[in-house]
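I'd like to ask you about the structure that follows.
Should a chain be cited, it is by its letter among A, B, C and D, assigned in written order, with residues numbered from 1 in that chain.
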Amino acid sequence: MEHPSIIFKIVCPDRPGLVSLLTSWISNYGGNIKHSDHHTDQDAGLFLSRIEWNSNNESLNRDEIYKEFEKIADAVNGQFNVNYSDEIPNVAIFVSKQNHCLIDLLWRVRNGELKMKVPLIISNHSHLENIANDFSAKFVHIDTFKTDKTVVEDQFLNLLKEYDIDLVVLAKYMQILSDSFLKKFSSIINIHHSFLPAFKGGQPYHRAWKRGVKLIGATAHYVTEDLDEGPIIEQCTVNVSHRDEVDDLIRKGRDIERIALARAVRLHLNHQVFVYNSKTAVFD
Amino acid sequence: MEHPSIIFKIVCPDRPGLVSLLTSWISNYGGNIKHSDHHTDQDAGLFLSRIEWNSNNESLNRDEIYKEFEKIADAVNGQFNVNYSDEIPNVAIFVSKQNHCLIDLLWRVRNGELKMKVPLIISNHSHLENIANDFSAKFVHIDTFKTDKTVVEDQFLNLLKEYDIDLVVLAKYMQILSDSFLKKFSSIINIHHSFLPAFKGGQPYHRAWKRGVKLIGATAHYVTEDLDEGPIIEQCTVNVSHRDEVDDLIRKGRDIERIALARAVRLHLNHQVFVYNSKTAVFD
Amino acid sequence: MEHPSIIFKIVCPDRPGLVSLLTSWISNYGGNIKHSDHHTDQDAGLFLSRIEWNSNNESLNRDEIYKEFEKIADAVNGQFNVNYSDEIPNVAIFVSKQNHCLIDLLWRVRNGELKMKVPLIISNHSHLENIANDFSAKFVHIDTFKTDKTVVEDQFLNLLKEYDIDLVVLAKYMQILSDSFLKKFSSIINIHHSFLPAFKGGQPYHRAWKRGVKLIGATAHYVTEDLDEGPIIEQCTVNVSHRDEVDDLIRKGRDIERIALARAVRLHLNHQVFVYNSKTAVFD
Amino acid sequence: MEHPSIIFKIVCPDRPGLVSLLTSWISNYGGNIKHSDHHTDQDAGLFLSRIEWNSNNESLNRDEIYKEFEKIADAVNGQFNVNYSDEIPNVAIFVSKQNHCLIDLLWRVRNGELKMKVPLIISNHSHLENIANDFSAKFVHIDTFKTDKTVVEDQFLNLLKEYDIDLVVLAKYMQILSDSFLKKFSSIINIHHSFLPAFKGGQPYHRAWKRGVKLIGATAHYVTEDLDEGPIIEQCTVNVSHRDEVDDLIRKGRDIERIALARAVRLHLNHQVFVYNSKTAVFD
């Protein structure tokens, strides 16, 4: 059986010799690089690297390998991650009433496209409970309208902790999370139903229809405190015409929302996304 | 030889019997409909119709046919146009320094894609004079920076009159026309280098790069007094990634700017665009 | 409540006066046209028309309206259909092992995008039985490998008759239907996992990968006796690169297969597709 | 002023330590890697690498650097190239009557998008001589119809030698080059007006129209002895409908032909294309 891949990511100030430095260690350890991609952001003076490799050498355990990369990262003043392809993260999905993104994500988990577990589904409505039950995920309905936001979000945080959640996906969750919440949990991907930065905020399809655009979009992005300003991971568009009513935009939009969100989640799970300077580099 | 096509367009309040009313007259006259397209905007309560037809019957001249359609339009409280496929309009192209849209439009005129004459090219720079000369178009360089805007725009209006201009195309003309000018001449198509309404205003590629979008766009639209708010005719997008610098966005953008503008001008020349409620219906 | 729409479609030899002829009857009956689209295929000498209208006038029942249109169609030597928006056809879905198209279609039925009933799901494997059960559709597993094809197809025909099926959708049904079957039941839409006519036949993704194409496609088409030669309704593509293995092509392909098939089925259900000369005109 | 970039490309059997081996040399020499991209084709057991770097160290001249990389390549049994960003190759463009690809390529050369010289334009028709003259390129009209193919191709080869041509671009050159010619000169990019492998051979737009496809394509590829089977570099598509006649397909096709060809030539000039096993890996 093949050994799990080790995925090493680093962002550091650019300078000569970085690729050599990183790959020499792996080579000396007997590692075999499967994919490696590097990018220099000239403007920011930053070097970004992702190296996916594996090895038969088991002389170091995962903690030890982590420490080795920590040393390298320290030496170049970098921020780094080490991940393994056999780590399956816990993902909580937040939804409201619409089911298309949730169903799509769960289908992709089932067929192996998305390597993640979904132990927890949270909603401000009860509509999608059956879907959660079918998937054997815990469904928690929290009435965000009747309850104080701080209380609600404390419940969220407790649940995320209880279920050991690594990533939250807002799959058409039509509520805004507070800055206070985001300070405590920040690994969150959202799908916005417009080609951002167009139509930030509410009712994007209605406003797109009114504006008479000839294409509509969907944007998957990390959530930050500035609403709809988070780093963009993926965008999709589809053509529309004067024959399309708002309902048609909503219908057509569902297809690109599902696809943009699924691609973004997959890229995140594969550790292919770097975030810096309020934007992303996506190594695909 | 085939008779020229007659293109009849009307917008009127919706009510039963409109298509029948319009087509009966054509049928009784012995006309043969080549294309006809109708749209009901339920929300606005409007009926839009474009009928392209021809006929061997020459008992009525063009003025008389116009008067016949005027009678029909009056009966249904509609706004209408009658055009003929052998009418070749005069188009003035406004440019600044960038040549890609100008060269592209003139190439399409030469190869017969765009049925228009270009007797006049106006610029606030002298860079593109040779291109105008090669095309045997009058090139007028007006220094918009040193001259009062009112004076400049009066010169524009005189030129448009002198050359009997039907349509102005802003092919990367990086200046704003005043409300006063637009009140006097309003048949103007512009190409904006973003997928509107995103990145309205200046430096859209720089801002798109800074925002980290994953696609950039180009929008061809009619010019109105609200800058970048005019009715959209055509939009194109192209993928970008973190590897693209601003210069790459500009380079990739040129290709979609040319195509979006050319398509919009062609649709306009073919009388396939309806404008109402600050947006368009494009019958393609 | 709004009256159901009446959708009238006709194909006939082109000649002057056809739109007028069709719409005058509707107008005289007090009908209001909601959408009408006409196309003249100059090459084939054919006129195609689709008129969607409704009326408060109930002096004629559906049979009588049918007869009226039959008279018109006879007068112009045309082939015609009359359908109503409140007719919900019975659709049988044929599948093998892959579930993505089936799940997607059933989801669209549930959310109202596809106005059809699915009383019957037929498969040459038993894998997808649960999905059928969840949807309360009859699931019939027929082992096409162990049984003579004629016998199998007779079972199919009996089932189609028993369930009063109007349309069959092959949602990744990896078997070929015989000419004899197609002569007896011909309203069938298939999804082929390539941009036809490229990669006709088996293993299109493997062959696309081997050929090194930079985009892959999916094609929804009506089934005819010439395999993969049926009239094309819809095609979608997605970019691929050298980094994509065959499995990635299969994964990316699933997304465009679902979308191409769903669009084609929707267009068919809305009576927006004309078939003639081995191709389609799609009035969208 | 910045030193020119050095672009090192290698293809070799995969084995551990390759990236380290390549980058260590560069690092030791004091080089700074600007872009590096590596790919392992698991199926073929091959490792592909492109490293773009520069250095202030001028202790080795270009010949010496070449020999250093030759040593590395020999050690890993690889095929390699070393190129410099200040090398501007000589490109000959072959055309027939259509001008759109030629005009587009020359425009991109002039505006700096394509870093190449075009000293020579060869045609089997005289139509495009003026374009060559305007660009100050030698235009050679060789009547391929009246002359024996061997004689014609010998003239081609002599011209390619005389003008020291590095790359030939077939910009809608509607003739087939013989195997014998290709054995003597093989660095050739062609634009085919279909999404290969669909519609190989002649009249692809006519056949696409007849088949009723819903999208048409253009494919830029290297030319090999098997017609239309060469490694694909870039493909573009555009939607078409039943309203499009063959002439519309040809018109729409011109836009994607220009773009696909220009992208492919740019990728080639930037040494971003690897060719192996009859396909390409494009590092973009």
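Keep in mind that, in the parts below, a contact is a pair of C-beta atoms (placed from the backbone, for glycine too) under 8 Å apart; a residue touches a chain by one contact, two chains touch by 3 or more.
Note that the coordinates shown come from a computational prediction; the quantities given were computed from them, not determined experimentally.
Enquirer: Just to be sure I understand the contacts, which chains border both subunit C and subunit B?
Expert: A, D
Enquirer: If I rank A-D and C-D by number of C-beta contact pairs, which comes first?
Expert: It is C-D, judged by the count of C-beta pairs in contact.
Enquirer: Comparing each of A-B, A-D or A-C with B-C, which pair has over half of its contact pairs in common by residue number?
Expert: That would be A-D, since it shares over half of the contact pairs of B-C.
Enquirer: From the C-alpha centre of subunit C to that of subunit D, how far is it in Å?
Expert: So the centre of subunit C lies 42 Å away from the centre of subunit D.
Enquirer: Could you work out how far the Cα centre of subunit A sits from that of subunit D, in whole Å?
Expert: 37
Enquirer: Which positions in subunit B are in touch with at least two other chains?
Expert: 35, 39, 243
Enquirer: Touch graph of the chains shown: is it line, ring, star, complete or other?
Expert: Drawn as a graph, the chains make a fully connected set, so complete.
Enquirer: Of all residues in subunit C, which touch subunit B in the complex?
Expert: Touching subunit B: residues 14-21, 23-24, 26-28, 30-40 of subunit C.
Enquirer: Of all residues in subunit A, which touch subunit B in the complex?
Expert: Subunit A reaches subunit B through residues 39, 41-43, 195-199, 210-215, 217, 231-235, 237, 241-243, 245, 274, 277-282.
Enquirer: For a test of understanding, state which residues of subunit A touch subunit C in their complex under the given definition.
Expert: For this pair, the touching residues of subunit A are 35, 99-100, 103, 107, 111, 113, 243, 251, 255, 259, 284.
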